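One chain, chain A, appears in both complexes that follow, with chain B as partner in the first and chain C in the second.
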Partner chain A sequence: MSGLGTTSGPVLACGEVHTCLLPTSDAVDERAAEQLLRLRTDEPVRLSRHPSRYAVSPGLLTGVDCWMPSVTGTRSRAVGTVTARAAIVEGRVLQSSAYFSAPACGPDRRQSWGHYLVRPGCLIPVGRLPVRSVAEGFLAGPRQNELDIGPIAESLTARISRHRILDLSPPLTTADTSLRWTATPAAGGKETSVLFTKADDGLRTVELRLPHATTPAAAAGLCEDLALHDWLLTTVAYKLDGLQAGYEDSRLLKVLCSLVDHLLHLWMPLSRVDRTLHTAWEELDENSGYSRQWNALAQRIRDQLVLRAVRSRSELLTSD
Partner chain B sequence: MLVLAASDKGGTGRSVTSANLAYQRSLDGDDVCFLDFDFGSPTAAAVFDLPDGVHRAEGCGLHSYLQGRTGEPLRIDVWSRTEHPALRDRPAGSGRLVLLPGDRTGGEFLTTEENRHRLVDLVLRLQREFSFLFVDLSAGRSYAVDLLLTATSPHAGLGRLENRWLVFHRWTRQHVMAAAELAYGSQGLVHAGTAMGHQPDVLSGSIRFVRAAVPDLESPLWSQVSPAQYVWMRQCDQALEELAAGRGIGKARVLASIPLEPVLQWQERLITDEDVYDRGIARNETWQAMKDLAQRLTIDTFWGQW
Partner chain C sequence: MSGTESAFRETSAEPRTEALPYSHLSLELGHLYMEDFVEGPSRLRRHFAAVRPWADAARAGLGTLNSDKRPRISTCFLIDDYFSRLSTPAELIPPLLEAAAEAGLTIDYLARESGCAGPVSGGTEPLAGSSGRRDRVELAECVLRRLVESPPPDSTGFRPPVSRTGWLTNGRRSPFQRISPALNSTGAVWQPPSETGARGHSVFMDVELWSGPEEERSWSCAFLAALWQLVRLGLLRDNGHAVLTPTPWEDKEFPADWDALAPVLRLDPRAAPFTAYVTSSVLPARFLPVEHAVRVILDQVHVEAEALGQVAERCAAEGFNVPAGVVDRISYVFPVGL
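On to the complex of A and B.
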């Protein structure tokens, strides 16, 4: 697939990533992850073991022929396929991602499906594509009768969650997040830029300007990484919020231990992001202090556990 | 855990009691979601004091979701939206409390494969987020009951989820007989469930009864009755106890008895500690019974087949 901004390539890529805890009491092993992600028989699940265990399903295509989202109300139609894939990180976190890319213009008439199927993951406009309006409309959320790729990602999450090998008793309750993103090529000479916004109900939006020739798959990879780390930070911060040191020990310990057992080791930004896109995360991290906050939270959890151990030991000694 | 609140008839205090249970569990720090499946007459929004809840749910509530008219059902965060004065300040250490209201105009509909898939996907999604899902089902062997009964059968999507049924009934002859019929009758939960693939002993081990609005003859409420009335009421109580035991819903299968509560006779609402201790309008016994019942949902010795 050609990259963003190249002569024959797309001018816009959009996607949505859903992130949730895999609904099982313990992390699944590599074999189980493979079994869960075997969404197609003709293509294997890709596994990687370093720097963390990661499994990703083959891509699934969904054919669409519909109105594109728009903020201005300009109606533009596009036809083609949306790519979707699911990934399991360290056997513990499930991510489903759906994305597409689109060129600036296409044939003035709708072609036969064969024309669109040779470009997987690409939505080809009928006529010109109002790029800005579509990108803004996509981030604002589709209106009725406009393309909504959220359900495509969600249906993968739902399909995997129904699998019989999952015991459906997660060790802690966590809220899912959806991250909606758009990527356009950065203007000449400008560097990568990223605008990250958090809304209610676990929705995040990311507006990216990426180097020329970045492939849509690489942009999706960056957003999956952002979504994973945002989800981790949100989940751990929420669990610690209002957790009073005066709580009875068993309850506090249960929360702290579940975080240590299941989430703390997952923080590993940029482990699977294309090298040219590292600046996007670095910029975001610099501005929002994600890593600093994560380190502080992780340290706090460990300190609490140590304090408790010291306290229970001294209680034991005094009771003797 | 999925807590399914069913009742033989209307007016058994099913909605108001299960809303109170949801409230109690969230006070204890559990993340709780309440799903209003009382198709046709959703009342949960009123119990949680969310005046615009019913109105907002039009076209995007649970019925619309199950029928595929909306991609995601409306969620209302009770702590932040309620108009109940005592609830607005969410207590420290409490968990989330979210209502998924039903649409008023939804009515009953046939249970189709499609509805069931949508229900399964929704519950699987919610159970990642919440440790308790309370489902308030329409009275009788309704479509809502059938939908949940099929979805929770061992080979359907929710079979692996821990689920517990509460059958609410009032403490009268008619209600006791109807509750027994709803659970064990020829058209009842266990029979219907078995036909849908449930193991009869497992299913019946997950059904418990809640007696609602039970007059406690020793309470001050009844201190003014004449000796003759007292004796008569005692006999009735005794006879009901025998009737219940004979129908298989005797004390061993009762999870709790909620005493007759004047506040609930006047208004379907959440009973808060403020109502009991500061304002003195609700009785401590009711508050305690709700608390105990909420705790017993997760105490395994109260459940299972005997």
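On to the complex of A and C.
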């Protein structure tokens, strides 16, 4: 696939990432992750063990022919396929990601379907694509009869979550998140930029300007990484919200232990992000303070556990 | 000033796609039903005599495409042992080869239709969401899962998947009506089906891909024929490995059981590669509806990008113009008298 802003390449890439805890009591091993992500028999699940265990399904395509989202009301139609893939991180977190890229213009009428299938993951506009309006409309959310790729990612999550090897009793109650993103090529000589917006309803939007020739798959990879770490931080911060000092509650202890058992080791930004996009994450991290907050939360969990251990030990001694 | 270069790779994270040898053209010398074979050698002789001039024409046509090199052409013949088995290979194949030879034609590769449906090696894991009752993965099933349906206008991505219905169309079906015609005296309007991208008027087609329950699916002739085209085009892989690679067969004798034969036999050791950039099939005109269905199916198969890329690269290196779309790589002749 050619990169953003290259000749005849796409001028826009858009996607949505759904992140959730894999609905099962224990993290699954590599074999089980492979079984869950085996969406097709003829293409292997890609497995990576370093720097963390990661499994990703083959891409699935969904054909669409509809109006593109738009903020200005300019109607533009596009035809092609949306790529969707699912990934399991450390056997514990399930991510489904759907994305597409689009060139600035296309033929004035729809071509034979085979024409679109040899350009997987590409939506080709019928005529010109009002890039800015589509990008803004996509982040604002689709209106009726406009392209909506969220359900494509969601259906993948649902399909995997129904697999019989999952016992559907996760150790923690967590909220799922959706991250919707757009990427356009950065103007000549300009730096990469990331604009991350977090809404209360679990929806995050990310507006990216990326280096020339960045592939849509690499942009999707960056956003999956952002979504994973945002989900981790949100989940852990929520669990620690209102934690009462000195409050002895076995239920709370259980939550702290679950966080250590299942989530604390998952923080590893940029594990699989294209090297050229590292600055995008670093910029965002600098502004949001995500890593600093994560370190503080992780330290707090460990401190709390130590404190509780010391207290219960001293209680034991005094009762003797 | 140069930095340290380092690279870290995991093969399980970056699987390979096996490369295949390619001819320029795969020429199919006919397709017959078992009933045709029963009619005897004269039927076969008539068949190949009618095919011969068209086979020559296909060769000649290729010469103009590729001027500086001798074109590589392989011939093949598909025997239908999937829908009926009236005869044995020992009885059927030798007269077939003789009749072809009498017309001055050589069958380089002989394939069995059940090989197109049959199990492929590997892939024994049950699929996500499937019942996992069967551990045998059929090639036809792999291709079924590569179908990406052509969306009629105003499709935002919601449709019942073809894997559930078993029917594939080239457009939009008539809306389903619950009211019986007897009750429908108000004249509730019937809506016609439509072909996507039709020029003026529709030629709507709805193709049945299989019949029967999931455990014992019977794949349709059209679906297996589409698969046969993909195999000849060298565009199918199973977890990166080639499928239905030809097995050499130089014996004059053939066994009494079809299953004792490999799915694709190479009868001529000097034959050009079985898989080719483009295909041409000389078929009786009664196969026209089936082949229309084949085109409808092929237009909706998502071929692995790596396999497509390998063909594109070779063609570019040879200066051979291969159409980008898969369905544009196949051609037919339906002569009178077959």
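What we mean here is this: the second predicted complex is superposed on the first by the 318 of 320 C-alpha atoms of A that agree within 3 Å, B and C clash if a C-alpha of one lies under 4 Å from a C-alpha of the other, contacts with A are read in each partner's own complex, and residues count from 1 in each chain.
Criterion: a contact is a pair of C-beta atoms (placed from the backbone, for glycine too) under 8 Å apart; a residue touches a chain by one contact, two chains touch by 3 or more.
These figures come from a predicted structure and were not determined experimentally.
Student: Are chain B and chain C a fit on chain A, or do they clash, once the structures share the same frame?
Tutor: With chain A aligned, chain B clears chain C, so fit.
Student: By the touch definition at the top of the document, which applies to A:V306: first (chain B), second (chain C), both, or neither?
Tutor: The answer is neither, since A:V306 touches no partner chain.
Student: Quick check on the superposed pair: does A:D201 touch chain B, chain C, both, or neither? Answer first, second, both or neither.
Tutor: A:D201: touches chain B, not chain C.
Student: Touching A:T173, do we find chain B (first), chain C (second), both, or neither?
Tutor: The first partner, chain B, only.
Student: First (chain B), second (chain C), both or neither: which does A:A104 touch?
Tutor: Once the two structures are laid over each other on A, A:A104 reaches no partner at all.
Student: By residue count, which of the two partners contacts chain A more extensively, chain B or chain C?
Tutor: Of chain B and chain C, the partner in contact with more residues of chain A is C.
Student: Using the touch definition from the top, say if A:L21 reaches chain B (first), chain C (second), both or neither.
Tutor: In the superposed model, A:L21 contacts chain B only, not chain C.
Student: According to the stated criteria, A:R40 is in contact with first (chain B), second (chain C), both, or neither; which is it?
Tutor: In the superposed model, A:R40 contacts chain C only, not chain B.
Student: Name the contact category of A:R162: first (chain B only), second (chain C only), both, or neither.
Tutor: After superposition on chain A, A:R162 lies in contact with both partners, chain B and chain C.
Student: For A:D148, select first, second, both or neither according to whether it touches chain B, chain C, the two together, or no partner.
Tutor: A:D148: touches chain B and chain C.
Student: Determine how wide the angle is at the CA centre of chain A between the CA centres of chain C and chain B, giving a multiple of 10 degrees.
Tutor: 100
Student: In whole Å, how close do chain B and chain C get at the C-alpha level once superposed?
Tutor: 10
Student: Output the chain A positions appearing in both contact lists, the one against chain B and the one against chain C.
Tutor: Shared contact residues on chain A (touching chain B in one complex, chain C in the other): 148, 151, 162, 164.
Student: Give every residue of chain C touching chain A within the complex, in rising order.
Tutor: 8, 10, 12-15, 120, 123, 125-129, 132, 137, 141-142, 145-146, 148-158, 196-197, 236-240, 298-305, 308, 324-328
Student: For a test of understanding, state which residues of chain A touch chain C in their complex under the given definition.
Tutor: Chain A residues touching chain C: 34-44, 46-50, 54, 61-66, 77, 79, 81-82, 109-115, 117-118, 120, 142, 145-149, 151-152, 159-160, 162-164.
Student: Which of the residues in chain A come into contact with chain B in the complex?
Tutor: 20-21, 23, 148, 150-151, 157-158, 161-162, 164, 166-170, 173-176, 201, 242-244, 247, 251
Student: State the interface residues of chain B toward chain A in the complex, per the touch definition above.
Tutor: Residues of chain B touching chain A: 29, 31, 71, 75, 92-93, 120-121, 124-125, 127-131, 157, 160-162.
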